[in-house]
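Heads up, the next two complexes both have chain A, just with different partners, chain B and then chain C.
So, the complex of A and B:
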């Protein structure tokens, strides 16, 4: 390849010279060059190594409809070289090599091809002993590009976009569609993945191409059309939500109607060595010459099966590129393109009809040096004896097209195979989806423009603008694609899928093994699963499979198209990586108290509070000690908090919880267990009756959103006279607990905290430090305590007041870890940790929280059945007999070599001076006093004994204050 | 056109109300009730010294006083002593105001509602999601500029403020009084 002289339509800026490096060499290109065009102009003989056989590769599609030109650029992997602009100072390297492009150590794999057939990896590597070795080999060999773990965090500004009509593709039909929609009054967004408008409509001659230029000018003069070049429509999602990807960002475009004018993708001919450097698609060569002024070679052979081949030959000749011959798969008897063939012949280009490429011959540096051709009859049979050789240094392939219908299919459109066009064309279009141009089977330039106008008008009408055109544009008479441009060869190396190094025999072998549908063929052979996702291979693969099975292509159908259409950098998908984190109203207080943070769902909570001179373990133990001996305060603001009002509020709660609440006295609370329809525990909390028609109840931190949503659904379903209000974020909550809690709190509040006025499990409204508050006497941590609920805006003030009240009396804030220890000492289970997706109240020893006498509650019917069956497992308490070693949560209990349970919670309790925990066990093991064996970290057995719970203060005297009063008196 | 600006407005008095008697209770207390669901009445913009009332769906209301206003103090019914069919909703929202040229660009980066196409004559109230947070948005025209009053659950407030502030700064606007 080499650079040609200037042309008015070139996309390069010759006044800007750019220097770059490739595989250790220094090169230069021009402003406007892409990486691939610059390398081609510099005459680099090959640019890549193929995926499996590490064969030398060069430009094929020049649109990255193949992976030949993916590069590592300045540390970024898998950069699409065909479409990425060159920058000064770029450092470019080939991917998928071991030791560089030239000395790639894996290049010998090509000689081992016969032992690496399709799917060989399914049948090898079965020796378990050797598998770690195989795994290391696979990890080293597979994948493309290298990810730098030191790369800095990159963000991009994703955004939403809105449009009445989105037109995908800015060739002649797309431009026409945009203008028609705009003329009807719609706001139009026109996107194209090329850097400039016009697509295949802009060429060397103003003849038919002049109309495209006029369309471009008209678009530029239309303010209601927003043009987005170098933008890929990467995916279609429901309701016309299209992902538009450019170099900087992903735009989530919501349109009222979408026109697909996305054109067609050229398909390669399949013959031996069709992947040699110098062999490319004709459209690639055409764009190289027109836009970047790079000639494909000095002795060019065109493999043809359509009129475009001849037109390109004439264009190349006009630019000084020497075309040696046209090899037309169609015979002279077909009588097509005679005028174009004659025009080529008149220029001295040899036109050989009724012949097919048989084998490309490599020369120095592995590039194509000759093409051997053979006669091809109407039935598709070749005569390999009558072989002819044409010397050349470039082979162009123009044998057919496949519709670029991926997004159309993602939108729910269906296609049918047109025998006349040898192409899948749209058949059924969902509402709001329109197709035009070559994708729609319309190839003639004027017809494409008319088809675009039709589609644009119809799209605008669908979006509420103008009247839909009733025009019908018929496909042309010429067939643009050969029925079967695939030539067998006994020595194979005739590539169907260049990304995956798949040959004809690979697909036939896969079909022979039974993978003979398009979907199975894809998955077994990996055809279409490379970076280009079948853009250049799916159609030919279908043809091979159809021939093998003796059926028509239409019968096989296309594989399912899924996002993304082109590879999309993860940074564009991630955007700014917004992560909606919740913080309680006293977050700043924790920060100033040296909280060590932990995530709890989407909240951040203090794990513990760091104190100078204390280790993590010591701090947690100190926090537990404070709660047990003086007082502690914990922020429980993450709990779900819901209010329910109305005459039937109590009835509603009776239905959604397992216990009874309609008879709960005003001023009292009761524990609530929430079940699903199958009787499984899904949440728990405390229900407080504040007034005859008003309850206030809590949920778990993780369950608040789900529970509230479910309650709203049930309320809508049952239509009871009550209203639910979610105040989770609007109320703060603290648990103020310990033997000194009452004494410390009383001076701050107008609520009489004495047992007579405020018994255990009571609830009161009053003021704390002058702020309105609700106080609940709860016993989660097993000490005298008050759960204080206040408006979020007053939380920090009250927290500081409480902290100040207790600071001289040993009060400490305590975090999640200390709370875990405290509640475990009381044997309280945590839903979702000590229970799982199948645990019912009987298994959790929580049948006391269930009132089966109620007329109905969610899960009741299932509990009746479960009660008769008996539990599958039981939650029990245990203490470790080993004073030193500790198991972890989820370690298994083993009984006679069989799994008999698992640990759900385990801690070392300084208060009790032993390690304790909860475990789910098979019922026959769950006997108090019985011993169990836990499999530890390294498989070592740990002995434990089943004991009753609670472990601490089994009579609950401390939370009922009797002990507290003695402790205070003693102080 | 005015400068793009983003600021907090947490310290205004506000409360919510729902229930079959909520609309009547508001009217009885001299508070204008929006006639249609998902519309607002009252303060025409963020600087208006009037009360803003947003109707959330059919039977829930959000009421916010103006800057420096004290009209709403003590008005809200107590939860335990609510009138029949009138249920108070505690509103401790984080509140923000986005205004100025470039507001639509900021919103396009955080929310999938097409604010540009909204007809403000109908006083729309938008309940939607913004970068993962449920928000209430009232768009209003204030003279030459459009303002967007935004509220969310206070526990998401720091995240929303920081995130929107970052976007505003990147768009060249003023956040916390600092012009990017």
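So, the complex of A and C:
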């Protein structure tokens, strides 16, 4: 291959000379060159080693899916040489070699091909004993470029795009579609993977050249059309969301309608040694000559089965490239393309019709040196005796096309196989999806323009602009693709798939072994699973399979590739590793008090507050001690907080909670247990009646979002006269508890905290430190205590005021760990910790919170069934007989060698000087006073005794007033 | 990503919504048998087809009813809950197909 003289349409800038290195050698290319075009122009005889047999390879398609010309470029693996622009100083190396391209130590594999049959992995890997050796060997042998393990994280921007009509492909039909949609008033985005517009419409002939150029000019003059070149539409997602990938970023394009003018991908002929360097698709040579001015060779042979073959021969001749012969698979009796054949013959090109390539012969450096051809009859039989040899240094293949329908199929379109065109063409189109041009089976250039205008108009109309064109464009009369451009050879090496080195016999063997549907064939043989994802191999593989099975290609059908259908750098897909974390309004106060954080739902909460000189355990014990003996304050702002208003608010709560609330007095609170329809406990909280038609209630931290959402759904379903507001984020909440809590709080508030005015389980509105507040008197940790609910904006100020009020009296802030100890001492269960997805109120010992007399509540009907059955398990309290050796949560209770339950919570209580916990046990075991055996860490048997709960203050005296006051007095 | 048309908020990406299950009518808890009730509580039909479903627009907390073709992943229509409280409209299979908009490519040949 060599560089030709300049041409006005060339894409290279000869005034810019770029130096680069390839496999240790120094080379030069021009500005605008791609890596492959520069190497080809420099006459490098081969660029790569093939995947399996390490055969020498050069350019095949030069169309953004050349699977062999992948390179390691400046440390980046698998860079596509056919489309990656050359830069000065680039360091380029071949991939998949052992010791470099020329001296690749694995090149002997080509001679071992007969011992590497199809499905080799499946056949070799089934013995367990040998597996480790096989694995080591194949990990070393397979794979393409080398990933740099110390590469830094690369981020790339993502962008949202919006358009009325997205046109994929900027050839004649795509340009025309964009213009028609733009003319109707739609905002249009036109994308093409090439660096410039025009696609196959820009050629050497004036006919196509002129009209396409006029279309490009018109597109440039239309402000409503946005043009994106060097951009791959790589994936289609639901409702016209198309991933547009360019070198820098991913654009998430949302269109109202999409026109696929994505064209066709040329398919190779299959014959022995069809992969030798110098053998390429005719369209590849055409692009090389037109855009990069690289001639495919000095003696070119064309393998032809369509009119494009002759046109390209005429083009090459006009550019001074010597075409020796055209070998046409179709016989002269077919009477097709006679005029073009005559035109070629007139230029001295030998036109041999009714012949097929039988075998390519390699010369020096492994490149093609000759092509042996044989007669091919109408029935597809060859006569291998009558061989003719044509000396050459390049073989071009123009035998057929496959529709670039990947995105169309992803969009839900269906195709049918057109016998006339020997191509899959669109059959059914989903709403808003349109197809035109060669992908739609329309090949003649003027017809493509008309078809594009039709599709563009229809797409614009779908998006709400203009009236849809009713035009129907006929496909051309000439068949662009050969029925079976596949020639058998006893010595094989006739490649169907150039990515994975698959030969005809490999596919036939796979089919013979039973993998004879297109999906199974693909998975077993790996056809179409290489870097080009079958763009050059799927059609021929289907033809081979159809012949083997004696069925029509139509019967086998196309496979739909998953998005992204084209390889995309992972950095374009990677997200930002962003995790939302919620913080309460007093987060900074915790931080300044040396809080040690723990996650709770998506919140962060203080686990405990570190104090210099104290261990974690000591700090937690000291926090518990403060609450039991003076006072403590905990931030419970993470609880879900909901307000409900309306005449039927009480009725609504009666229906969603198991208890009764319609009769709750204003100014009082009541515990609430929420069940699902199957009677399982899903949440709990405290419900406070603030006014006759207004309740304020809490949910668990973890359940707040889902519980609120479900309440909204039930409200929508029942249509009761009430409305819910989620004030979780608006309001802060603290629990201020301990024998001193009343004494410390009273000076700060206008609410009379006296027992007569503010009894246990009461709720009052008033002011704290001058700030509007709701005070709930609850037994949260089993001491006299108040839950203080205030606006989030006031929270830090009130927290500081409360802390200041108690600091000299032993007040400590306490964290989640101390709260768990305190609550467990009172025997309170935690929904989701001590209950699971099957626990009903009877099992959780919470029947007291269920009012079965109500007409209806969620879960009631199931509870009626469950009540008659008796519990499957029971939640009981236990204390360890040896308080030092602690089991962990979820350790099992074993009874006579059988699992009889599990520990759900366990703590060591300094207050009680015992280790206590809750366990879910089988009912026959759950007798108070009974002994159980827990299998602890390392199988240690740990003895425990079942005891009644609460463990601490069983009659709840301390959280009621009189006793609490006595306790204060005793201090 | 799919677009869903919320009756309150208009067309929004589907990630702004959560699915709330198929719309199913509870048997009368006072008169139904235990077997009927447990069938209602525990059994769901996973078969693809055109179904009424609960959907919620998360940001606004708005629940509505969507008629969706789960086989073809198409939202046929959406309704405010009030508009269907009297009973779900009988859906029209032709309307569902029309919403899908699948049509044959016109061909001259």
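Note that in this section the second predicted complex is superposed on the first by the 568 of 971 C-alpha atoms of A that agree within 3 Å, B and C clash if a C-alpha of one lies under 4 Å from a C-alpha of the other, contacts with A are read in each partner's own complex, and residues count from 1 in each chain.
Note that a contact is a pair of C-beta atoms (placed from the backbone, for glycine too) under 8 Å apart; a residue touches a chain by one contact, two chains touch by 3 or more.
Given the structure is predicted, the values throughout are model-derived calculations rather than measurements.
In the superposition on chain A, contact of A:792 is made with chain B only, not with chain C.
In the superposed model, A:694 makes contact with chain B only, not with chain C. When the shared chain is aligned, chain B comes close enough to touch A:723, but chain C does not. Contacts of A:161 after superposition on the shared chain: chain B is touched, whereas chain C is not.
In the superposition on the C-alpha atoms of chain A, the part of chain A touched by chain B in one complex and by chain C in the other spans residues 254. Of all residues in chain A, only 157-162, 252, 254, 576, 578-585, 587, 603, 637, 643, 645-646, 690-691, 693-694, 696, 723, 725, 727-731, 765, 791-793 touch chain B in the complex they form. Every residue of chain C that touches chain A in the complex is listed here, in rising order: 1-3, 14, 18, 20, 29, 32, 34, 37-38, 40-42, 54, 56, 58, 61-63, 72-73, 81-82, 85, 99-109. Those residues of chain B whose C-beta lies close enough to touch chain A in the complex are 10, 16, 18-19, 79-82, 84, 87, 89-93, 105, 108-112, 114, 116-117, 131-133, 153-159, 163, 166-167, 170. On the chain A side of its complex with chain C, the touching residues are 237-239, 241, 254, 412, 420, 425-432, 435, 440, 472-475, 677-678, 708-709, 712-713, 716-717, 719, 726, 856, 860-862, 865.
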